[in-house]
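As written, the chains take the letters A, B, C, D, E and F, and residue 1 is the first residue of each chain.
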Amino acid sequence: MSDQVSISSEIFELLRVPSTATLTSVLAKHGLHNTAMLDVRPLKPGMRMVGQAFTLRYIPAREDLDHGGTTDNLTDPQRVAIERVGPHDVLVIDARGDIRAGSMGAILATRLFKRGAAGAVTDGAFRDYAEIAESGLPAFARAAHPAANKTIHHPTDFQLPIACGGVAVYPGDVVVGDDDGVVVIPRRLAANVAETAVAQEQREEFIFEKIRSGASIVGVYPPSPETLAEYEVWRKQRDRNRG
Amino acid sequence: MSDQVSISSEIFELLRVPSTATLTSVLAKHGLHNTAMLDVRPLKPGMRMVGQAFTLRYIPAREDLDHGGTTDNLTDPQRVAIERVGPHDVLVIDARGDIRAGSMGAILATRLFKRGAAGAVTDGAFRDYAEIAESGLPAFARAAHPAANKTIHHPTDFQLPIACGGVAVYPGDVVVGDDDGVVVIPRRLAANVAETAVAQEQREEFIFEKIRSGASIVGVYPPSPETLAEYEVWRKQRDRNRG
Amino acid sequence: MSDQVSISSEIFELLRVPSTATLTSVLAKHGLHNTAMLDVRPLKPGMRMVGQAFTLRYIPAREDLDHGGTTDNLTDPQRVAIERVGPHDVLVIDARGDIRAGSMGAILATRLFKRGAAGAVTDGAFRDYAEIAESGLPAFARAAHPAANKTIHHPTDFQLPIACGGVAVYPGDVVVGDDDGVVVIPRRLAANVAETAVAQEQREEFIFEKIRSGASIVGVYPPSPETLAEYEVWRKQRDRNRG
Amino acid sequence: MSDQVSISSEIFELLRVPSTATLTSVLAKHGLHNTAMLDVRPLKPGMRMVGQAFTLRYIPAREDLDHGGTTDNLTDPQRVAIERVGPHDVLVIDARGDIRAGSMGAILATRLFKRGAAGAVTDGAFRDYAEIAESGLPAFARAAHPAANKTIHHPTDFQLPIACGGVAVYPGDVVVGDDDGVVVIPRRLAANVAETAVAQEQREEFIFEKIRSGASIVGVYPPSPETLAEYEVWRKQRDRNRG
Amino acid sequence: MSDQVSISSEIFELLRVPSTATLTSVLAKHGLHNTAMLDVRPLKPGMRMVGQAFTLRYIPAREDLDHGGTTDNLTDPQRVAIERVGPHDVLVIDARGDIRAGSMGAILATRLFKRGAAGAVTDGAFRDYAEIAESGLPAFARAAHPAANKTIHHPTDFQLPIACGGVAVYPGDVVVGDDDGVVVIPRRLAANVAETAVAQEQREEFIFEKIRSGASIVGVYPPSPETLAEYEVWRKQRDRNRG
Amino acid sequence: MSDQVSISSEIFELLRVPSTATLTSVLAKHGLHNTAMLDVRPLKPGMRMVGQAFTLRYIPAREDLDHGGTTDNLTDPQRVAIERVGPHDVLVIDARGDIRAGSMGAILATRLFKRGAAGAVTDGAFRDYAEIAESGLPAFARAAHPAANKTIHHPTDFQLPIACGGVAVYPGDVVVGDDDGVVVIPRRLAANVAETAVAQEQREEFIFEKIRSGASIVGVYPPSPETLAEYEVWRKQRDRNRG
């Protein structure tokens, strides 16, 4: 999408470093406290996803519109969306939290993967859950359900602002997922958040090492000025070693 | 809205007769079984509403967009929608079933009433609940909550297809409410459903009288051919008396 | 039902005196702590119901069995049940707590009333809610919904043990309802519970009067031996006055 | 409680004027967006409550501690709390949102009323619901349930910070209730919020009158500088008339 | 059960091929849209189950009936059912979706396995969750819980129609489970559904291969006449190779 | 904590043997039927935990108290608690079942592990879910969520009685967790329960072996006098072999 290209590859690379836990903390410092989707999990442990939201919206199905017909790939919003999603895009589906049918199955997830998509998220369910988990596409959902989407959903439009997992998602927002779930970063904050989060992640790595070595949290987490000074030395040393 | 004028006043008048229970039954005969909103009630008993859906959509609020600013009546979708709603229109708000804030308060409800609106429906809450109940505007909601809408909602657009109470609502759909809740009738079926429902309502009135007089349901509800013949006599007699 | 006649009219009369709150307390002394249905309310304030459970069970509907056909009063378990319910019977419907359709409407409720039924209870919804509330039949439910029962329910059998509002209901159990909800009394305990509850209700009336007059709860609720002695005097005085 | 006397009677009087909707808006301007309890309603329409929180905390019951014994008014935290609550106090009960038993019944509610309490709130249920509604005590709850509190609750302590309806309640916080629900005002903000809310309520009254007279919301709600100037004239005129 | 033998082994074999996702789609073409249990999952990934429903029904426990006694294997419906279940049978337990106790533990699950049962399903929980997962018996549930069934359940009868996971289950219905959950196939449709599903599964395998090779969904999913022709060639070729 | 030392190491060792399923059964014989937390699971399969409850209580956050400040390890109740927890202690967090933020993250969990803690339990979520799962600390929760605790929680105090997963937890209660969830054993019953449970576990092991060998449950589970006699022989033989 032409209006999404402004997030540079460097930013995406930076965002591969911090966890969603760190990103949530950084966003909280920007005054944003509702940025992580509720009850949306990776289809298998260890999945990690970074990309920009390509939004797709479902409303409840109506029998005369959604049951029994053949899906037309040229007009059905779900199908049109799938053939528009490209590299760095994450298809984010507003399924109203309804898990009584899958939002998508393995064939379409595989097509997304082949198009280079960065992931797929729904606050509903996926069908062919195990196949999607193995498809290569990072995918996040609330549950598994075998039924096809039109059993209860009607795909109505794409690239509009949506709700997903109780969070607002605007097209082009940056979407990051890991074992803790999925975080939405407003696009205008993406560069700033990425840099701050990488720095915070590094500092927490240092703190984590101290705690693992038996230090008390007092003076360490949060760090005292002494600990911060110690961290600066550690960081420079490490950068030198890497350099 | 120009694309909504095709429902004639006669149809609206007819739809004042049957209950939502009867309308639901008639829609079921058209194969539509999910037409009544879940857990949406009149703000006070006895409210009755008939009109066409003017849809308004909310997504979750984001602090930087929704907390603290002044609402601009010329750009805020909720406010623009309210000043566009006219006679026969029912403002139907997709609040994602979220009752942690009001979808609207008494001042806006009163404005809708003054503009001649036929009603207001949300699958969230209303604030100023008691005042809206007394405002003259038929109104239906899941709950009362004192907080302003932007506490948790972001009005995003209007006159798009939405979900409300688990039912698909397309702009221009006919919306009928009474003590049992709110039913959505696809616009193309409105005339047909209205006529069938009036006839069924009349027949059930006859059946109800028989049951009240002590008849068994056997042969009466559903009616046997004999009962139907008896009904025809009763109906003609009554029409004659009215004529 | 022949196996239900053993509850005497005297017991039913006694059970009209105590509140469901008192009955719940008495049942707790018998070791029964889960006797009141959850989230089941009278259709209008002030309703009071005493009778014996005539149970009716619903399972989920299946389209090929439940959508579209005509109901046969001679085979449909709901309809057969309704024409069997008699005086002192309360029709108790296991609707699995599902409020996406009415368990029954006003015509059938009226038929129950005409047959002398003591009430109707569902842990689902009723349609024609307002009409049932005015029908004369004490009725208790979780919600109102306009859809007919077979939209989501399949009446499967009657007079089997069921769940209703999270409580076990055996055919013939005594069922009492008031503004606090509905309590189920195992049939074998009915006489004992009735007598104890009437006595406790009378004692609480005395306590209530003292509290209304400004007494502290200390020594009064629960009553000290002195208060109990005072109560005995009060009670005998009152009985004498009534006699 | 000695640490609660600092809220002056004047502040309580001021707080009788604005609605909970207005108070919620004023608190939002202080950055507090989660101040209204979820799903807690007056026991009958029109109840209005203003007072300071006297908190009481329940944890789940355990059979060996809570079933079967006699309640000791001198040690049971619920009973001790009730005999300590005084004028301007609102007993606020943390029932963990659990409605499977009443948090309190009519005898204790009446005792609170006789002690001059300003109200009672629970995020659980009340038993003797109808009697409490008529007792004179403003009372707010999620539901009615006939069972005694110790069926599922164990009163554990009082005057500690608690959760009620998803909101933090600190002892001494100001608690206001009306038809929209219950709002909690941090004690240190009470005077400030009261004054701002009264002024806002008055301004909204003016706006409401204009809308009732047929004005558009544009320029009126929110008010333009012209409308605010008009309001100032109206306000002074009214004050003069009242003077 | 003598009335269940009519499902041939061939049909069971066929039903091992298609996924529950495919079966749900085939059933939708028969007009059945509510055939997959909600929120019921395999105890470990990769489980696959095909059999006929042997139904068991639980209602809420009552302390005097269910707490404290010894279970009698000759009268307790759960125990009797377990010793009647045989090859091709799947024990399906209606636990009302209540996960506050296990519906069954590892000893009974192992007994089912030894009797040759095809699986066990509950819409409640299982206890000894990990042991059942390793027992060899395909098992599906909503959750794990350590408590014994009679803590909250009373086994009341078996081989009656039940609800499980929001779906109607009639004794003898065919029950298929995999990673997406559990699907219920009405017995009279089993042969027809099995054949159609196998064919559809094969066609989707072909489609899946094309998508994996980089084809667009346009013209492929759903397949155009050209793609279908191509599929027929592919299928014949494959059959020839297999032959 | 000095008042917790009375549980001997022998008791803790004994409690490593039986499953939570067995412990729940033994507690039921003491009349305690609500001892297992609802919907609280190990962070990865196979975790086993035995220790004494060190309780920590959260109430809802308030923006002015909980958002934006730096955590002070010397006053924040969560942090103070963590530096007090010692060997055999399980940190049990009352998070009101709210999973909209983590109750704790990996750094603090690791600190608990380094302090020798026996585990951590919350009825909310954990952040850094995967890292905690690998930290060595047995941990149980309802879900994963990336947000920091103060997003929605305010740590208010520790070592008071709390609710966790719907169960009362008193400081010093014994807490045991495995794949079925977490069971709370009142401290005064710990020794008695431990011994009974070990014996019952051993007997069930014998029964399990018989069932695995193809025995019917009749006469075996529950065991007949003959089976019990057989068990005694088996047990003595085994003890002899081990000795």
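Definition applied: a contact is a pair of C-beta atoms (placed from the backbone, for glycine too) under 8 Å apart; a residue touches a chain by one contact, two chains touch by 3 or more.
Note that the coordinates shown come from a computational prediction; the quantities given were computed from them, not determined experimentally.
Student: Both chain C and chain D are touched by which chains?
Tutor: B
Student: If you check the contacts of chain A and chain D, which chains show up for both?
Tutor: Touching chain A and chain D alike, sorted by label: B, F.
Student: Over half of interface residue numbers shared between chain C and chain E means same, under half means different, so which is it?
Tutor: Over half shared, hence same.
Student: Indicate the whole-number Å distance between the mean C-alpha point of chain B and the mean C-alpha point of chain F.
Tutor: The computed centroid separation for chain B versus chain F comes out at 50 Å.
Student: For chain A and chain B, let me know how many angstrom lie between their CA-based centres, rounded off.
Tutor: Computed value for the inter-centroid distance: 37 Å.
Student: Which chain E residues touch at least two other chains?
Tutor: 33
Student: Hey, how would you classify the chain contact layout here, line, ring, star, complete or other?
Tutor: Per interface graph, the chains form some other shape.
Student: Could you list each pair of chains that touch one another?
Tutor: Inter-chain contacts occur between A-B, A-E, A-F, B-C, B-D, C-D, C-E, D-F, E-F.
Student: Flag every residue of chain C that touches chain B in the complex, lowest number first.
Tutor: Result: residues 67-68, 70-71, 73-74, 79, 82-83, 99-100, 102, 105-108, 110-111, 114, 127-130, 143-148, 151 of chain C touch chain B.
Student: Along chain B, where are the residues that touch chain C in the complex?
Tutor: Interface residues on chain B, with respect to chain C: 19-21, 23-25, 28-29, 33, 35-36, 38-39, 41, 45-46, 178-181, 183, 204, 207-208, 211-212, 214, 216-219, 221-222.
Student: What does chain B use to touch chain A in their complex?
Tutor: The touching residues are 30-34, 59-65, 96, 154, 156-157, 160-163, 166-168, 186.
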